[in-house]
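Got a structure for you, questions after.
All chains are identified by letter, namely A, B and C, in their written order; residue positions are counted from 1 within each chain.
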């Protein structure tokens, strides 16, 4: 707990100073993507690591958040901060409904049915032209005043700091959740469902709470994305974001808070490095997923945490 | 009335195809309790291989089918021995993740090799329309339904009547007992997965003579297969057939009488409803509720 | 306190339990014994909601709890352990017991996100309580050990600590003495006897270890082939012909 908190604080300090160290547009753009990815990964990690199920349809909440923000900005001319507040609420609502249905199932059935929900949403986004403009998507989302003030670099820096704020909020909420009494019960369910039930924990209700929280964070990310990119189309429900989330959480380390952050940085950098080679990139991602499952199932952070624990235990034993 | 019969015929045809394409998935689950998320990609590999052999090399249709079945079987066997075997016994999550990773890898490698353009397997059967009363159906589709039925029958006989089939069923009922009676269970797992892969590839090749062989359709195929096996019951042969027909007919009628944009969604609606009401499907045996 | 009335359980064609009726009163230690396969664990599963009875009812403090969800039954004060030791493997001993005491911790999401003084003192109390429970079962020196590094006997103690952490009124233990030697079983018996009156109201014990059963029980219920064949005080059961036959079989005639 202390170890993770310190790692996160160090990361925060570095992140705050980054624009001073790398004052160029491209680096700031990467920074924005990293902040966005950290939110997504943290959200996905809450379900994978703390409910213990694999929601292959998690992009549903990213998409709901993005479309909510986009629609509020364009159709109702709402300012950004309202849209950015509504996005996670809408996503959390969807999370409540979808979670109430899907959390009655386990294992591969949970995986498939969440995927079905995401697909239904994608089909709706694609076909309900009146609402979503179909495959053409919603474009021309108006940027708030702070995002158009100053030169191109300052605009990027503004987005970077807003993204950092949102990512920090996401991590703060997750941290408070995980290292709390409620978090302990969620971990208990993940570790041993039967024991958890026998001491009065309802796996369903706890799973639903975590699910809604995760959906909200994904929605937050979606709203931010919609405004930064200024365009939202049905592909926001698609598999490309899903693959990124899977890698970020698996390779970074599921069930830890720092893991998704590491995973997010790795994946964004890898995606940028291989930006021109989309198929090759995903091909490599596929290999990485398999390799992580076979050889590093706890991810990078899980590996580091284990070593750290062994080291601490060894040190106290010898002391 | 004519429209009704035509839609029904369309539904039965496509339903048979759905059943064939889902068979490998349900078998692997029924025998190994593994949901192969790369199922759609194996279908795609079969389709693309079929295209390469019939179009680029110019081989005979049925010879190609045999080669595709053989290649996919070998591939499936290797996937099981090299990948799945390593995480067997660690629970469901590793196998789910492993097959998801495999599906991502296969899709994008196929894209790299073949590109995004849709291809077709060259079929010796003409697209001549046949008139059965008020119903129109092309000759190639009709023949394909027949071939699909044969493939399904052969798979059924393989599992029920052969020694290999009996070894499979024994192993998955009780692997310790099977080992003690001399069955090489590691081979059995491999052969089962090989069978699943071969069926997926055969479906891919056959259906790509009517539809398309394209590197990107793996996800769609997997999703349809999931719908079929959940409707019919995971692990049930008859369930895959009934589930496929139900899906095909429902889609045909929905598309014909209502909107065509949401045709795919109806399947998902059925799945969600089914998972709430009868989670083990129409024919399944295990309740998968929380 | 606990009344089991005419419960039966059928698994497909197998009638695992048939028409079982017994009760556990306040302040009692009741043991459920019988040869392997008699249905003792099934009975426990039915009481605690992990299985649903095919027939019959279970009443706890005059409340019909038949077929309720396991977590809801646990929340009324009926806490059980499992035959094959089940603990939260990825956590430490301390973490296990902390989790067990969750109902005494902060349960509001809002206060979890923005903890105040009340939450902090509640958390401290939780930790103190957990530590004292660990001390009571005798695992204080292993408090920060990972659960998967404990020995078999220590795991059993941890399981007991977790059950105690959940604040049971009626504690149901499934073969807690399995794998313990005579000395350890005797110590367990002493611990069980001290529990009554210090928080735990009654204990239902499923056990094979006859010495322990005879030593601690106020009453014994005997099952065989899913049926109740005897019930009474330890002395009565010890000399009951039917019970002896169930365990040792009838002499060849």
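What we mean here is this: contacts are C-beta pairs under 8 Å (C-beta built on N, C-alpha and C of every residue); 3 or more make two chains touch, one makes a residue touch a chain.
As the structure is a computational prediction, the values presented were derived from the model and not from experiment.
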Chain-contact steps, minimal, separating chain C from chain A: 1
Closest chain to the centre of mass proxy, which here is the mean CA position: A
Most widely separated chain from chain A, with each centre as the mean of CA atoms: C
Most contacted chain pair (by C-beta pair count): A-B
Euclidean distance of C-alpha centroids - chain A vs chain C, Å: 41
Chain centre separation (chain B, chain C; CA means) in Å: 48
Mean-CA-position distance for chain B and chain A (Å): 33
Overlap residues in chain A, where contacts from two or more other chains coincide: 203
Interface residues, chain A side, partner chain C - complex: 173, 176-177, 180-185, 187-188, 191-192, 194-203, 209
Complex contact set, residues of chain A against chain B: 52, 54, 56, 101, 103-109, 111-113, 115-117, 119-120, 123-124, 126-127, 203-204, 239, 243, 246, 250, 279-283, 285-290, 292-294, 297
Chain A-facing residues of chain C, complex: 48, 50, 69-72, 74-75, 79-82, 86-91, 95, 98-100, 102-103, 105-107, 109, 112-115, 123, 126, 162-163, 165-166
Contacting residues of chain B [partner chain A, same complex]: 29, 35, 37, 83, 86-87, 92-94, 96-98, 100-109, 111-112, 219, 223, 226-227, 230, 259, 261-262, 264-265, 268-269, 271-272, 275-276, 279, 288-290
